[in-house]
Amino acid sequence: MIALFTDFGLAGPYTGQVKAVLAQQAPGVPVVDLFADLPAAQPKPAAYLLAAYGPWFPPGTALLAVVDPGVGGERRAVVVEADGRFYVGPDNGLFELVLRRAESARCWEIVWRPESLSASFHGRDLFAPVAAWLAIGGPDAAMLREAEISRVADWPDDLAEIVYIDHYGNALTGLRAAVLPAGARLEAGGRLLRRARTFADVPPGSALWYENANGLAEIAVNAGRADAALGLAIGSPVSVVR
Amino acid sequence: MIALFTDFGLAGPYTGQVKAVLAQQAPGVPVVDLFADLPAAQPKPAAYLLAAYGPWFPPGTALLAVVDPGVGGERRAVVVEADGRFYVGPDNGLFELVLRRAESARCWEIVWRPESLSASFHGRDLFAPVAAWLAIGGPDAAMLREAEISRVADWPDDLAEIVYIDHYGNALTGLRAAVLPAGARLEAGGRLLRRARTFADVPPGSALWYENANGLAEIAVNAGRADAALGLAIGSPVSVVR
Amino acid sequence: MIALFTDFGLAGPYTGQVKAVLAQQAPGVPVVDLFADLPAAQPKPAAYLLAAYGPWFPPGTALLAVVDPGVGGERRAVVVEADGRFYVGPDNGLFELVLRRAESARCWEIVWRPESLSASFHGRDLFAPVAAWLAIGGPDAAMLREAEISRVADWPDDLAEIVYIDHYGNALTGLRAAVLPAGARLEAGGRLLRRARTFADVPPGSALWYENANGLAEIAVNAGRADAALGLAIGSPVSVVR
């Protein structure tokens, strides 16, 4: 399986061209859109989402991860194998949390270049072919060179910020619920929120936080939009109150 | 074939994870997005859309129908077989109109539970596996138990409200055009609308209603947006004027 | 492969029903969404996008191209074969630039009609079956009749307007970068823009134009939205300053 994790959007020309490449180079391999609406050009919040959602996929999955504000510049193109899954994308911190949490990992620089490489769409021209080859059994050895990738040591293990607003208006944090103290409350948008099992456990209109289906602490309002009610956006700070 | 009928959105993580489950458990079965933008958490308008759009699919199709504000609460998980199609989702009225219009139907409660069931994402954890099994020939008999499902007798046979706004700004009603009297006009947003065959039959800027391609009475403005021009939203009332 | 080039949107019922038809009539053929958010009901800007993005697909691809404000009216339904690719859609100018740039081309009118043809959704009922047949080896000869299609001689070879705003806020013009003089600047939104190789080549917040990955001149702001910063929308004029 190939999973797409990008800020490309679905409706315009980018994701479709990537899928056209994958359909030709990895015929028959299912391709799913994991995220197409990551915060544009912000690898940091994306890195916490990737570490939460990537390992949910079965081993052998190739994750094409492209949030790439430096496309066309000097940043390298890399592959990370972490716990049996392959992550393909730019070397800009996107894989930092995946690597930090992996039990086993290897990293490569992509040294292969296509005959024709656009300046602005490496997702289509460079990363998609490599993801396709990984999904069907691995690229030619000469295409990759084992290498260290850039690490971002000052990013925390868990990020006390909003990293994504979903289309219900729920606000996902970069905090794993499992590392928060029992009984912890979250402060966000000037409100102190208690933990519930799910939004149906609080009255309509009430705000809460809960562990979402991929392990992140998520802020919601039952039968409402948390982003509007609490004034939350990508990057809004969250505090853990013990 | 498996058709998805949800309020999950396409760009974020929900539909993609559902498709990843389906790709693994029903390999090779086509999956199509029928609706991903149903009015969030509103089973009633969705029920009228499902009854209009579900029967268009070929017999044998499994429709994964998830508009589920009570997820994680007490509502049951059910399967409805109606005229040869399978509908899988929460027992919250979503299948009321499908059942009422079916020539033959059977209902089951889903008694199977996955090893790991999240509190908030039964679409991925519970309904998708069952839809996959139905699409490839049926789940193990022990997974389902024949049962009555909850009926909503006070919902009308046709709903005189706007149930969906499409991305052109057209406003779909819950009224089947075929049950309206010949020559009926619709009143909506303070305007009295005549029937036309299609929007090209009225001058640009004019409002009309017509029978859409799935049999619903739909309000449109030729070369314009009916939602903006007439002030229509989900739940706006519509009157039939004979 | 079948590529969809429409103004249907992805989340609502239109694209999904088209894909359901394709899955039944061209089983196993990959279907990709090239554009689902073309400017609604505007064949002219779409024609310039189709000529830029269609030829990127491999020969043999069937492109289902539906921007069809005249659906249900008198306009004909046509197929164009241009340089080995098939384009299927309404005869309203959508294929003008594809034809003008093709080395070899043939045109047909679609004379086949389905048993049941809705007034408003020929994408599903008429064009999708024909695209499916073309993708799997060609429809029955009686379905098509070789014919001239309507030409739009007064549309220019390159369109000095914004034809699409992508979800980053970048503004695509209908101008091929390759036909612009070396050193040409573009004037748009009252600003004079210099060419760069990619947005990373100018400081954050600066506007530029560059040749996008499909050959069009595209206006962008590094780490910003060009549509908002320059006040650009579909149809905004662009001037070439030599």
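Going in written order, the chains are labelled A, B and C, and every chain counts its residues from 1.
To be clear about the criterion, a residue touches a chain if its C-beta (ideal position, glycine included) is under 8 Å from a C-beta of that chain, and two chains touch if they have at least 3 such contacts.
Source: prediction; values computed, not measured.
K.L.:
For the sequence-identical pair chain A and chain B, determine the rotation angle of the Cα superposition and round it to the nearest 5 degrees.
P.N.:
So the angle, rounded to a multiple of 5, is 120 degrees.
K.L.:
So chain A and chain C: same face meeting same face, with over half the numbers shared, or different?
P.N.:
Here the answer is different, because the shared fraction of interface numbers falls below one half.
K.L.:
Measure off the straight-line distance from the CA centroid of chain A to the CA centroid of chain C, and report it in whole Å.
P.N.:
The computed centroid separation for chain A versus chain C comes out at 30 Å.
K.L.:
At which residue positions does chain C touch at least two other chains?
P.N.:
Answer for chain C, listing residues that touch two or more other chains: 9-10.
K.L.:
Please give the residue numbers of chain C that touch chain A in the complex, ascending.
P.N.:
Per the touch definition, chain C meets chain A at residues 1, 3-4, 9-10, 30, 32-37, 53, 56-58, 164, 166-168, 197-201, 210-214, 223.
K.L.:
With touch defined as at the start, can you tell me which chain B residues reach chain A in the complex?
P.N.:
7-17, 19-20, 23-24, 27, 40-41, 69-73, 118-121, 124-125
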